Amino acid sequence: MTVREKGYTHWEGELKESRWVWFPLTRLGIKMAFQKRFFKLFYFSTFLPALIFLAGIYISERLEDFRFMLRGSPAFLKITPNYFKIYLSNSLFLFILVLVMIFVGGGLIADDLRFNALQLYFARPLRKIDYVIGKMATLSFFILLLSLVPGVLFILFKLLFAGNLVFLRHYPWLPLAVVGYSLVLTLFFAAYALALSALSRNNRYASLMIFGVYFISDIIFNIFYQNFHHPYLVLLSLKLNLQQVAAGLFGLSPPYAVPWSLSLGVLLGLVFLAFVILQKRIRSVEVVK
Amino acid sequence: MAIRSLSRQPSGVFWASWRDVFKFYFFLGTHSRRPKLFFLLSLVPLAMAIIFKGSQIIYGYPRFSGLFIYSNMIMMFFLQFLILLLTLFFGTSVCREEVEGKTLPYIVTRPLHKIAFLLGKYTAYTLLVSIMIIFSLTLSFIIMNLDRLGDLSLYKVLLRDGGVLLLGIWCYAALFTFLGVIFKKAIFFGLLFSFGWENIIQYFPGKTQKLAVVHYLKSLLPPLSQEGFPFLLFRLEPTPRGEAILILLGLTFFFLGLSCALFAGKEFIIEA
Amino acid sequence: MEEIKALELKNVSYAYGRIPALREITLSVDKGPIGLLGPNGAGKSTLLRLLLGFLSLQKGEARVMGYDVAQETRRVRQIVGYMPEDESYIPGIDGVTLTALLGELAGMPRQEAMKRAHDVLFYVGLGESRYRLVDTYSKGMRQRLKLAQALVHDPQLLLLDEPTSGLDPQGREEILALIKDIAAHGVQVLVSSHILPDIEETCQEVIILHQGRLAAQGNLQQLKQLDFSLYELKLKGEAEGFLAKLQQQGCRLEKMEEGFWRLYLPSQLSARVIFKLAVEEKVQIRHFVRSQSRLEDLFAQVVGEEE
Amino acid sequence: MRAVVQTEKLSKYYGNVLGLSDVSVTIEPGVVGLLGPNGAGKSTFLKLITGQLKPSLGEVKVFGQPVWNNPHIFHQIGYCPEIDAFFPDLSGWQFLKEMLRLHHFPEEEARRRAEEVLKFLHLFGDKDRLIRSYSRGMRQRLKIAQAIAHEPQLIILDEPLNGLDPLGRRKVIRLIRRLGEKGQTVIVSSHVLPEIEAMTKRIILIHQGKIFAEGNIHYIRDLIDTHPHIISIKCDRVRELAAALVKEPEVIKIFFTPDPQEIQVETQQRDIFFDRLQQLILQLDLQVEAITSPDDNLQAVFDYLIGEK
């Protein structure tokens, strides 16, 4: 007979250095977001616009059947890149993303700072960049699910409903634009929310800032624009920068007569700033001098 | 055993508590980091004013009068954004800050009347917000009207606007103090209220708009020009001035009273 | 073959801004449980943080289990388990998820990490509460959780920063028993503490820090050798005569509390004297312990009591 | 002597979680140790007598008055919380002075007292540093400072020795004893037994929300003296000693332990036993290493009352 040895047991296995070390963090972040019942409800309701747009695509292929509803304005239902741009950059959609960031992103780093969790993470072979990637991937998951996934589905369904590839032949670059713009959205919002979350140890102040900075930039733009009517002022507004970039990537003329690449530059600059903040704020130990 | 201070008058303790709590939190508010950030935020309109005026002086543009820009844009920024954000932070802080920072035990084991504590801290924080806002408002006003500072009738506008903002600050802060006493997630509810409810309800026709605090504040201001933000303006059906002031004060007292009653009776369990 | 040292420091200094935390520390310790001792603010936590690479070395060299801290930080972190001093946890998840997550981050496959998380939680005595949210854990449970997460990847070296702080006697005994058991199973343990009996109970080697300097280092038994023997006595009966006679023999006496005395017996005298005098003076010795000169005295001797 | 704290069937429930149950005690001036394992209800008890919590059942009186929502009484109470939390961005000096100001002391007096107590606790040199940069021990002392600075009659310290190094501990223990000698009432909670023993003889044992025992340590000791007493002896030639002890009528049992140098003896008549033991040591010329009573410390009392033995 063998008796199990008492006391501490060793683990028979080998630790591996994986390139995906950050993945468990991402998984945890997603899991924790869905633990909040209110968030689940809210997040699923944010797919409503996507469903409506999907219905629009269906109707566009069956215009004959729905003629009674349209009352002579079928132009709306012409599926062009503009249709995609509207879905992916309308103000409500961007506002929803801000709310998602508040819900998921507000505490993502702030809570770790508050409960001293960083020292637990960094006592493992985890680099700062892994940590940031893990957290960003969490946010990206939620953003991509709302942007990239519906965008790609729209194209697929358009082709399915039409039963031919005419649409793609007209706009062969459209899938690329959808992917590219989704990535810009993701990169910007994830970096923005993380940086603000890292600035405070308090989840709620972080949330307040994620909300406040986004809106203040837009209000300031509005006030200035009322007075100066200078199109370059759009660079002040986070929302409009995103919309400019959307228009640019979808091959449309931007709402304001400013090269969209400038807006892209502003957004990338902010992303860079966000990384600088993250670099400064994420430390395994807080050192007070 | 002689118990030295037990013989003091209860009302004396109440006022002394209020005074000392007020002093302490005013001191704390001016010595911590977080409020400083909000002070910077409160200076945003001032920066805007400087840019506008500078541009007007140098380029003669924008062509609107200083007063117009001030009352249609800068003042609205204060009213519909800034004071909400600031009171949301400071109002919910009155109670939440102590619970989250776990400093409540230091306070409740001092000879302080609980209601006086709440009122004292509320007074300190709202005064802090008021000072920030009035400071920024006055400077913005002066800068925007640099060309006609001699016109005394102008200052009536400033006084009125200042008064409206103060009423707004004290009322919102009372409301958010109340939210802070009852909810753990006070900020979320506060955000929903300020930028959801307040923003939408005020544009509803008929009596519905009277359910928003901002309705009464706007009733105290002259109707805005259509040129500024046309979308902001439809269908304000103002409440008479006196009534509006009374309702704002009433709301302030109502929410403060409710907060006090709840705070005095509530236990906050602070885990080690 | 040369035996790998558990710890090797050469001229290690560290300062927070202008405030020096560690000054010119050079030492090398063989394997075996190590105690890191010193008053609050002596630099213990700073040293641990340097060993983990949380702070980067400003001066000097440090090796942990043969790995260079500055050059092979990731390797060091893989073989080290760290139990931090302050309260730290990831809010909103249960104990087993937290432990498994940290195991996975250390490089364990996911299923293995989960299995091992259950094992270590049982081992530290959190078996029944492993599915509870860590936010609802009591202080003692959080302490155990911190130990569990440090053990999950079966480290070669376990760094424990104040492992018993805030625990009740039972909890403390249990944690110390765990530490001893872990050390007995071949894990190199380093306990940082200012609680002397903790170190006395678990360690052989000791490093004493004071104001950032190395105050003493070596084998605990040897460090405790002094030129007198120290006894702790509890007396019953009229003790004056007995105590006076002891003093005549050249003993130093120190009153601890009611009925308790500390007796410093010069090395030339035998303990028999004590019993002889006790019988003569009709005093009962109810408690008699040859103390190895308590670490506390050693500490006071090395560090000097500021008053 | 007059009762400082008096509770009558005091109970506290958090929802359906038990915090404290049916506690009736009277605490008089001097130092009282409140002992119990983590989660026993010590903090709940201290929070109830400092009016931070409202009793679910029963009542608390401090200086003969209720405490819940009775602010005046706090002139005479000093409380040091267990939590390591402070107001952000203040220096030690500012914190202390402001806390004194909340006692309605005029500025001058607040300064004087803050200065005094900082010196008293050896924090004066660091008074202008931010509390955030204090070490754990300094923060602990600062918390004690704010509890005693207004010279209250009743001082309540929740785990004041947590996080202190030995020297810090000695100082605080000495301080607490001195406060007790001055006639102040000090209630100290702790789970570190030797430290409570070093501070006071009067203890209240609390476990599972109930008071298990109350009074003098020795009194409690005597209470459980009815059960046989075990004495452990470590010396050379233990078997010779055992052989001699077997003949003694007061010895009930002799155990041999895995340690070849140790025996344990059970007796019901300690007085006779210790006399005989000393004589035997001299007769047999034994080299004694230790004589201890494994169950003569607080821990044993504790275990016994809780029923673990």
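Think of it as A, B, C and D in the order they're written, each chain with its own count starting at 1.
Just so it is clear, a contact is a pair of C-beta atoms (placed from the backbone, for glycine too) under 8 Å apart; a residue touches a chain by one contact, two chains touch by 3 or more.
Small disclaimer: the values here were computed from a predicted structure and weren't measured.
K.L.:
Farthest chain from chain C, comparing Cα centres?
P.N.:
So the chain farthest away from chain C turns out to be B.
K.L.:
Does A-B or A-C have the larger number of C-beta pairs in contact?
P.N.:
A-C
K.L.:
Compute the distance, rounded to whole Å, between the mean C-alpha positions of chain B and chain C.
P.N.:
53
K.L.:
What whole-number Å value describes the gap between the mean CA coordinates of chain A and chain B?
P.N.:
The separation of the two C-alpha centroids amounts to 33 Å.
K.L.:
If you average the CA atoms of chain A and of chain C, how far apart do the two points sit, in angstrom?
P.N.:
48
K.L.:
Where the CA atoms of chain C average out and where those of chain D average out, how many Å apart are those spots?
P.N.:
23
K.L.:
At least two partner chains per residue is the criterion; list those residues in chain A.
P.N.:
Within chain A, residues 288-289 contact more than one other chain.
K.L.:
In chain C, which residues are in touch with two or more of the other chains?
P.N.:
In chain C, residues 139 touch at least two other chains, as defined above.
K.L.:
Spell out the part of chain B that touches chain D in their complex, as residue ranges.
P.N.:
By the definition above, chain B touches chain D via 1, 3-6, 8, 10, 13, 16-17, 20-21, 23-24, 27-28, 31-34, 101-114, 264, 267-270, 272.
K.L.:
Which residues of chain D touch chain B in their complex?
P.N.:
Its residues touching chain B are 2, 14, 29, 43, 47, 50-54, 63, 65, 69, 71-79, 81-83, 85-90, 94, 98-99, 101-104, 146, 153.
K.L.:
Looking at the complex, which residues from chain D come into contact with chain C?
P.N.:
The contact residues of chain D facing chain C are 36-40, 122, 135-138, 159, 162-168, 191-193, 197-198, 201, 270-271, 274-275, 278-279, 281-282, 285, 287-293, 296, 299, 302.
K.L.:
In their shared complex, at which residues does chain B touch chain A?
P.N.:
On the chain B side, the touching residues are 34, 41, 44, 48, 51-52, 55, 61-62, 64, 69, 73-74, 77, 81, 85, 88-89, 92, 96, 100, 185-188, 191, 195, 228-229.
K.L.:
In the complex, go through chain C and note every residue touching chain A.
P.N.:
Touch residues, chain C against chain A: 16-17, 19, 49, 52, 54-55, 74-75, 77-78, 80-82, 84, 86-93, 97, 101-102, 104-110, 112, 116, 119, 123, 149-151, 153-154, 178, 181-182, 184-187.
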